[in-house]
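Pasting the structures here.
Paired with chain B in one complex and with chain C in the other, chain A is shared by the two complexes that follow.
After this line comes the complex of A and B, so read on.
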C-alpha cells in the first residue's frame, strides 16, 4: 500500500504529460478555438441595414458569393486596429462581398464610427441585441468568418486580423 | 562580432560543464580533482561573458543580432534596452542559464556539507544546467544573426517597458531556478542517504533565499499588473500567475517542513518529495508559458518544437527524481508524535492544506487543456473557480497559523490558552459589531477577523517568549512570527481591497469637479507631450478631502510610435489606508470617460509581502 502511494506522483506526471503532448502534437492555436460552425452552413439570419432601417438582408441575398463577415463594434478597440485592412482586402479582391455586422452597438455610435474611420463594407448590418452574434457563436470582438460560394463557413478568426493572417490564411481561401 | 563572442561564451560554458561531469568520476585522481572546481568557475565566467555581450548588443542597438532586431529599438531609453535583454524568450532563457550557473558557483563554496554530498549536488546541478544549455542552443539561440541588413529594430512590447518589469523576471528566476539547487541537493542526499542536520541546515538556507526571491518576483509582477493593466485589480488568476503561485506554495510547505525538522528528524521523505515537487512545478510552469499552450501577456512567440523539448526535459527530470525517490527514500520507523493539537500535527495539517491548494490550482490551470484533448471543446476556467476553491481550502491553514508557533512539541497544551482564546473571541466580536454598523459581508468578515487574529496572536506569542522578546537579535529570533504578521497584514489588505472596492464611472469636462465618496475630484488639465519613444496624454486631476489636503493624480495614455500600440497608465494616489485609482477612457465631444476605483488598504498587501520577504531573508542567518 505504502509503495503505491510513492508511485502516485510519477503516475500523475505521466498522465498530465501525455495530455500535454497530445495537445502539442495537434498543433492547436489558442487564438483559434475550434468552432462548431466550421464547415457548416451559414446560420439563418435576417439583418437590418445600418444606413437604412427599412432594408433587410437575408441568406438568400448573399447566395453564391464569397463573403467575409466581420463582427465589429464602435466600442471595441482591437476592431479599430484591423479596420484599415479591410480597405486593402476590398481593393485586392473587388468580387469579395464584405459584410460588416455592428455587434451589440447603438446605431448612432456605429454610424459615427464608420463616418470617421471610413466604410469598407458592401453591407453593414446592425445587431444591437447581439442575437445574430449568438447564432454565429461570437464571444469576443472582433470575429471574422469566411463563407464560400456554396454558403459554408470555411474559416473563422478570433481577434484582430493582421496583414500576415490575411496573406497566409484568408487569401488562399478566396482564390 | 559581439554576437559571436556571446555565442562562444555559451558554447564554452557548455563544454566546461561537460568537463565538470567527466571529472566528477575521476575525482580521486590528484589533478582531475582540481579540474572539477576550476571548471565550475570557468563555466560560470563563460556564461557571464555570454550574457554581458547580449546586454552589450542591446545597449548598442546592434541590429545585426536577430534577437536585438526583434525586440529592441534605438529610441528606447537605456534602462529598457538593458531590460529588453530578458524581455523576450531567448534572452530570458539565457538569464535562466546565468542564474543556474550562479547557484552552482556560489554553492561550490559551501563548507557545511560532507564533501561527497556536495560534489554530487554539483554534479546534478551541472547536469540540469547542461540540459537547459542544450535547450537554448538548439531551440532558443539569442545570438542568431540577422540575414538582412537593417538599421532599426522592431521595438519592445510597450506594456513591458516599465521599471518594475525590469527587475521582475530576474527576481522571479532567482526563485524558480533556485529550486533546481534544492532538487540537486535532495537527490544527492538521497543517494548517499545523508539527509542529516547539516544537509537540512544547508537546504533550509537556500530554500529560504529562493522562496523569498520568488515572493518578491511574484509581488512585483502583481504590482505591475495593478498599475499598468488598468483593470483595478492586482491578481487575475491568469494561467501565468497560477504557474508561479504553485511552486511558491510548494516552496512555502518546504520551508515550513525544513524549519520543523530541525527539532524532529522524521519528515525526511516528505521533504525530499516537496523539494522534487518545487522544481518540477517550476519547469512545468516554464513549459506552460513557453510552449504557447496558454495565452497571456507572457506568451512569447511560441513554437511547438520548443514546447516538446521542455516537456521532455520535464519528464526526464521529474521522472528520474521520482523514481529515485521511490527506491532510495527510506522508511522512517519512528512514529510521528501526532497529538490532537501540537506542533507536529499543525505542521502536517499545514502541509496537507498547501498541497491540496496547489493541486486545486494545477487542476484549474490544465483543465481546459484536458477537456480540449478529450472533447475538442474549449472552455475557460476563470477567477470564480479559483476564489471559490483555493481560498476556502487555505482557510484552516490560516486559522492554524495564528497559534501554531506557540504550540508545544510534546503535549497537547497551548500555553496561555486563555489569552489566545480571548484574542480570538474579541476580534471576532469586534469585526462583527463593526460589520453590523457598516456593510456586512461574510467573506469580508472572515478575512478581516482572520487577519486581525493572526496579527494579534503572533504579537502575543512574541511577547510571551520573553527571552526571545528581549533579546538583542529580536528580528532573528522572531522571524517566523514576523512573517506570520506579514501574512496577517496581507490578508487584511487582500480582503479589504477586493471586497470593499468601489467603482465609479464618471464623465468629466475640463475644470469640472465631482464628489466621489467624501472626496472631490477636479479635472484640471489635459496635457499632451512628446517623449523619447512615445507620445503621452496626461489628464491632471486634483483630489482634495474635507481637510482641503490636495494631491495630484495623473492617469494617462501612451502612444508608442514604433509598435503603434496605445497603453493606459493608471493614475494612482497612494495613501496608507486607500488608493485612488483612476483610469482614463475615451473622449467624446470634450467629455472624458473616467473610471475611478477606491481601493481600501492596498498598501497593506505590499507591506505584508515586504515583511514576509524580510523575515525570510533574515531566517537565513538563524542558527
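After this line comes the complex of A and C, so read on.
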C-alpha cells in the first residue's frame, strides 16, 4: 500500500498527461489550423465586381442568404481541381448563393480563367490587394467558407473541395 | 565667398532643418524596424514549417510584415497588432499561448504539479 502511495504523483501525472495528449492530437492537422472566425459573424467587407467594376457587394447584400464563399485565383492549381464541383453544388442547391473572390489575382487573369473554365458563381469579387482575404484569415488557396442565414461562418475548408467533403460536410449544413 | 553663401542665415537654417528631419526620419524608421523584428519574431508563418514570420520570405509572411509596418506607422501598439492578427488567424499565429481562460490550465498546471511535488517531498522528509 505504501509503495502505491509513493508512486501516486507519478501515476497522476501520467494519467493527466495522457488525457492532454489525446485531447491535443484529436483530429488536429497542423497544416490546417482551425479558423478563428468559425461561429463568428461574417467580417465587414465591400468588394468590387470582377465583371463590372462600378458594382460593389457588401454584407447587407447577402443578408439572410446561405452563402458559400470561395477564395480562388487563376494562378492557383488546386483551385482548378475543385472548380467544376461548384457547378454541381449550384445545380443541387439553386438557392445557395455562390460567391467567388479572386484573391491576389489580376483582373485580366481572373476574367480569362472564368471565361475558359466557366463561371459557377452568382457574384465574383476581386481582392487583388489581399486585404479582404486578410479579414477572413485566408492564408492559402483555395479556401471555402459557408455562411448561414444569420450571417455566421459555420464551416471553413482549407484546400480543394472534393465530392466527399461536399457530401459529408457541406450539404448537411445547407439543408 | 562660398563659405559665406553656405552659412548665411536662411541657408544655414534650411540645411539644419533638413539634417534634423533626416535624422528624425531615420530614427523613426529604425524604431519601426526594431518593433517589426520584435513582433514578427513572435508570429508563426502559417504556410511554412515552424518558421517565424521574421525569418520567412513566403508570400504570407511578406503580407503580414507589410501589415505590421502599416500598423506601426499608425502608432498601434504591439498588443493591438497581435490581437488584430489573432482575431483573424487564431492563436495558432503566435508561438506563445495567450494568457486567457482557455489557456489557464496550460500556464498554471506545471506550477500546481511543482507545488504538489514539494508538499509530497516535505511530508516524506518529515516522516523520515
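Note that in this section the second predicted complex is superposed on the first by the 147 of 175 C-alpha atoms of A that agree within 3 Å, B and C clash if a C-alpha of one lies under 4 Å from a C-alpha of the other, contacts with A are read in each partner's own complex, and residues count from 1 in each chain.
In this text, contacts are C-beta pairs under 8 Å (C-beta built on N, C-alpha and C of every residue); 3 or more make two chains touch, one makes a residue touch a chain.
Quantities reported herein were computed from a predicted structural model and do not represent experimental measurements.
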| item | value |
| --- | --- |
| First (chain B), second (chain C), both or neither touched by A:19 | first |
| Partner with the higher number of touched chain A residues, chain C or chain B | B |
| First (chain B), second (chain C), both or neither touched by A:7 | first |
| Which of chain B and chain C A:130 touches, first, second, both or neither | second |
| Shared contact residues on chain A - chain B and chain C | 9, 13, 16, 33-34 |
| Residues on chain B engaged by chain A in the complex (per definition of touch) | 273, 276-277, 280, 287, 291-295, 304, 307-308, 311, 314-315, 318-319, 322-323, 325-326, 329, 331, 366, 369-370, 372-373, 376-378, 566 |
| Of chain A, residues touching chain B in the complex | 2-3, 6-7, 9-10, 13-14, 16-17, 19-28, 30-31, 33-34, 77 |
| Touch list for chain C against partner chain A, complex | 46-47, 59-60, 63, 67, 86-92, 109, 113, 116-117, 120 |
| Chain C-facing residues of chain A, complex | 9, 13, 16, 33-37, 104, 130, 134-137, 139-140 |
